[in-house]
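All chains are identified by letter, namely A, B, C and D, in their written order; residue positions are counted from 1 within each chain.
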Amino acid sequence: MIHAGLAGATGYVGVELLRLLRGHPGVQVTALSADSTAGRPMEALYGHLAGLIDQAPGPTTAAAFEGCDVVLMALPHGASAALAGEMLDAGIRVIDLGADFRLKDARSFERWYEVEHPRQDLLPQAVYGLPELYRDRIRGARLVANPGCYPTSAALALAPLVKNGMADLDFLVLDSKSGLSGAGRKTSLFSHFCEADGSVAAYAVAGQHRHTPELEQTLSDLAGRPVRVTFTPHLVPMKRGIMTTAYTRTPIQDLSPLYEDFYRDEPFVQVRSETLPATGHVTGSNRCHVAPRFDARTGRATVVSVIDNLVKGAAGQAIQNLNLMFGMDETAGLDLVPVYP
Amino acid sequence: MIHAGLAGATGYVGVELLRLLRGHPGVQVTALSADSTAGRPMEALYGHLAGLIDQAPGPTTAAAFEGCDVVLMALPHGASAALAGEMLDAGIRVIDLGADFRLKDARSFERWYEVEHPRQDLLPQAVYGLPELYRDRIRGARLVANPGCYPTSAALALAPLVKNGMADLDFLVLDSKSGLSGAGRKTSLFSHFCEADGSVAAYAVAGQHRHTPELEQTLSDLAGRPVRVTFTPHLVPMKRGIMTTAYTRTPIQDLSPLYEDFYRDEPFVQVRSETLPATGHVTGSNRCHVAPRFDARTGRATVVSVIDNLVKGAAGQAIQNLNLMFGMDETAGLDLVPVYP
Amino acid sequence: MIHAGLAGATGYVGVELLRLLRGHPGVQVTALSADSTAGRPMEALYGHLAGLIDQAPGPTTAAAFEGCDVVLMALPHGASAALAGEMLDAGIRVIDLGADFRLKDARSFERWYEVEHPRQDLLPQAVYGLPELYRDRIRGARLVANPGCYPTSAALALAPLVKNGMADLDFLVLDSKSGLSGAGRKTSLFSHFCEADGSVAAYAVAGQHRHTPELEQTLSDLAGRPVRVTFTPHLVPMKRGIMTTAYTRTPIQDLSPLYEDFYRDEPFVQVRSETLPATGHVTGSNRCHVAPRFDARTGRATVVSVIDNLVKGAAGQAIQNLNLMFGMDETAGLDLVPVYP
Amino acid sequence: MIHAGLAGATGYVGVELLRLLRGHPGVQVTALSADSTAGRPMEALYGHLAGLIDQAPGPTTAAAFEGCDVVLMALPHGASAALAGEMLDAGIRVIDLGADFRLKDARSFERWYEVEHPRQDLLPQAVYGLPELYRDRIRGARLVANPGCYPTSAALALAPLVKNGMADLDFLVLDSKSGLSGAGRKTSLFSHFCEADGSVAAYAVAGQHRHTPELEQTLSDLAGRPVRVTFTPHLVPMKRGIMTTAYTRTPIQDLSPLYEDFYRDEPFVQVRSETLPATGHVTGSNRCHVAPRFDARTGRATVVSVIDNLVKGAAGQAIQNLNLMFGMDETAGLDLVPVYP
């Protein structure tokens, strides 16, 4: 039985980890931490946990995780790195669900996140935890950087084309639509019900979003040369889910075989060749549906991918990484049918 | 391993049974049936099942369920009774998620449902499957009538007061708010997105809803004398969930101890004494939260209960009944944290 | 042309006043004030006003409204009373959309709102601005207390029965369902999109809500003796709308004629005798639909009423009052077809 | 006073025309027609019209519109053309809100709509009713083809760039997000509440949507040479609104002046240079907000436009065209503040 600690257990990603790990046969959550909410019973914070989680989270300190085999960190960017270092020094493995170890280049991190990187010495050992692309490295990792939600959906949409040299790298447009849980539980005007409901909003338009360098890093790695993309995130009036609609030029017309081949053995990626995905098709599950389509009129491909941002885009992918790191069945705790409707 | 058949597998309750039973350690679904959609792959009907359910449902016939230990039937009212009889004759136990066996009085069924009862000879052996009230009878049952969603939420809200003689039986008002999945997958104008979104609608006002006699039957049984209630169902723009706000007069002021005592050993009922429940607190789970409150100004009690209509109000309760009928742990397959947010 | 000032123009009620008054043939908005947001252009606060409102609101002071004929105040409770006094002294009429002048009894105000009443000397001249009940008094008023949203929907649901002595005053239950705009634009956890969407929540259960004494005051006035009610507000995942489902015992069976007679000449109240109302039927309009139904099984009436909380429950009713106060056509600026869907 | 007839008055566009025309000072609706719902009172079809529209729509025949000055047709494609011909012969002007006269090339119509064009002889006189681009032609028109909702939002997003030769015509990607009212009132599985809520769906991906040739026709006309675009429509869980996110390469960096200049005198187009639009910013109004942004990293422009699909995308634009055709103030009946929130 793996003993896992959760740092930042009282955000939406934290309680999603609690939900998923309760059904995991090989992992026991032995430590919970929070910040401003530390010390309050989970039930007072989350009505849905009434009667289910007795443990009140303590403050986020290194001592809180003594005895853990692994700590999953769902903390604001800049807050994970120092704690991660302490954990690694103590022989505890780390899965960071924040942004601190996602970008290989510390200068890029500092430019996009506008803070100094607290532990750039750890960057070389950090493995980018997208199992469909980097499974082998994850297996041996002690520090995994769990990918962002948008980059996960974007990478899985384009990887087969880019990896096979079939995408025009000068024509990459990624248009993403996200539910509001991606913005977390902290209140703000744009996530106020009356502002968000019944409305679609674009934000961070024209290369302003911090996930841009992350998804360019992955696509560049797949392409073998630096690529630039146009990426636009949108907020859609729903709680969970991300759809990325990806556009590129391509010389091949028959995209389904390419995708089916690429994802043949993936337990969580489903190629949709006949029908089109909707974000509701993956809610509550670690699954990603990908639908590649070719338009002969234009010579361009449109690829639609969907994930649940809190699962494959965060907590579920972290558990998938945990399973790989500890040699367990990759699907342990994650063999879930999506909640529908 | 129990072999279960699902009759009516392609409605919302059917696919919820598939979702929940996939995680059940002691049950295997060995037969699926449907009606108009029989023969089509599940993936063509439900995108979320792509890659998860290979079996295409066949037509709903007795032969389809040969070899099953139990059949769960999610069929329109009037359609279960005949099939149920055939199953019982073949030694197969039945859990009927429809209305055919809920009312003990066939004339009452015929008055409210406006069809002749196809098998009233089976009524005496049918057990009303609300485990919190009738657990012992369910254990020995061969035919269980799974309760309606509104009656489940109403009965759990009022049972402690009524059973203990603490409710004024001449002052029982039940105001329920339901998500739209209760109306099923068949399209209709009132469940058309643009008609339902952003709007609350009352329907079957003033004693018109077919669940009225069912909840009166349960409350009468608890009270030991016939009771009449005023019950109003409402449709709320959400997919899942039922809240029932119940009103009565009561002589006792301190309601929490009464409720906590009544539900002390119940694995799925949570009394909320400090904070108030919302339907979102139980989504995707078999849980029921109940919050009793007393108003000293008026001498009246207001009790708020919430369930997920597709789980505790349908598929989950059916599995809870199945577990009891087959001597398994009552929570097997149902030990789920609600999906939040 | 009446010159109107808006105090508190940057909340949801304030911008709804701006929307409705733009179409009013006899009123011009000549002064806008705000508090924390004073000085910022409306477009920076509300994208939907870009290009429509050039005026930036100033601070809320008496001087700001010099030259106005009337000031409409949409301020937090306790904040209107002092300003209202200054306005009245300056010969400017006041419509207060807040709670300060709704309760005739200052002690009741202080008990429920937990602040001292700043200007109880003004209470005698304040007229409760529910035109369907108090039209004549409003015509001559210099200070109108615009009713709360819940009390408006509740009073219109029950007035015909209570006024005619046809309601059992010991059996009055009001179950209301509201959209979230009633809670205003200030962010809070319960109105955070991910907390509110897909969920119904009860709050202020068992006589805790501040609108309770207000609606009891109106019903007591209609009944000619003090009455107590049980009132429960609920939050429903929608932006606008309130439905009140009212329950009472009644000796008469044929309710429609009573209601149609009572509301015969009302321009904004529609009795629904054939079909049932939904909140979506009145969105964006000053209309109220009321559907009374009798249940012969129980001898009880269920009456369903719907309004748009921001219009008939706030801004629209204020303009209706303004029209009456200034001798204009009562429907001026309010002859709007609801926005549907 | 212009006498207007509405053919197809009982769909969502029809009742939106009724809403808007009620507030129009120079137009009176003198004839209503419907098809399957003809003869039923509007109140039975639409609860929100109870007490507002007494007229029951008759069947859709030429005789129904005798005496009208203009007929607005909201009919399924293929159904308008014959009636339009009869109207024109009778000297009645026509605004067709359907697709029959939008494409100049009858073969293109037949290829995309898969029906023979019933009256291609009328195509030469049909004017494409996008006032911001074709105002002068509309003024003299007797037959106006009211644009589709997607093409309206797309054309207004890109017109300033394309018209000025500042868009790379080999890099035009249009990603649109629509509310569900665009799909009309006819029930279907994809617009069933439980299928649509909480989910984003892509459809008609990779050049399958019928609006593709229409928006290419407009952009080609602006560019002075044939252009091809990649267009993807998406369904978002909201009732009204379309956002189009348009992508192109451009040599100019400072886009706002270009857009502000292009739309300087437009009463309904608002350039958003500071803040970004959301569809909720235009709900219920004829307004279009457009926000052009340049990304120096990539040399590409992202332009976001929003409209209310039922107003600027249908009924409101039709009235704008009507105003132009009859020499009235272009904003008559349309000077509305959006409904917010």
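Keep in mind that, in the parts below, a contact is a pair of C-beta atoms (placed from the backbone, for glycine too) under 8 Å apart; a residue touches a chain by one contact, two chains touch by 3 or more.
These numbers come from a predicted model, not from an experiment.
Shared contact partners of chain B and chain D, listed by label, are A, C.
Ranked by how far their CA centres sit from the centre of chain C, the chains are topped by A. One inter-chain figure worth recording: chain A and chain C are separated by 45 Å, centre to centre, where each centre is the mean of the chain's CA atoms.
Taking the mean of the C-alpha atoms as each chain's centre, chain C and chain D sit 36 Å apart.
Centre-to-centre spacing of chain B and chain C amounts to 38 Å, using the average Cα coordinate of each chain.
Residue positions of chain B touching 2 or more other chains, listed in rising order: 12, 181, 194-195, 197-198, 237-240, 276-278, 280-281, 283, 341. Residues 12, 180-181, 185, 187-189, 191-198, 237-239 of chain C are the ones that touch chain A when the two sit in their complex.
Interface residues of chain C facing chain B in the complex, by the touch rule stated above, are 171, 173, 175, 177, 179, 194-195, 197-203, 205-207, 228-230, 232, 234, 236-241, 243, 245, 247, 276-281, 283, 291, 293-298, 300-302, 304, 306, 341. Only residues 12, 15, 18-19, 22-23, 43-44, 46-52, 181, 197-198, 239-240, 270, 272, 274-278, 280-285, 287, 289, 335-341 of chain D touch chain C when the two sit together in their complex.
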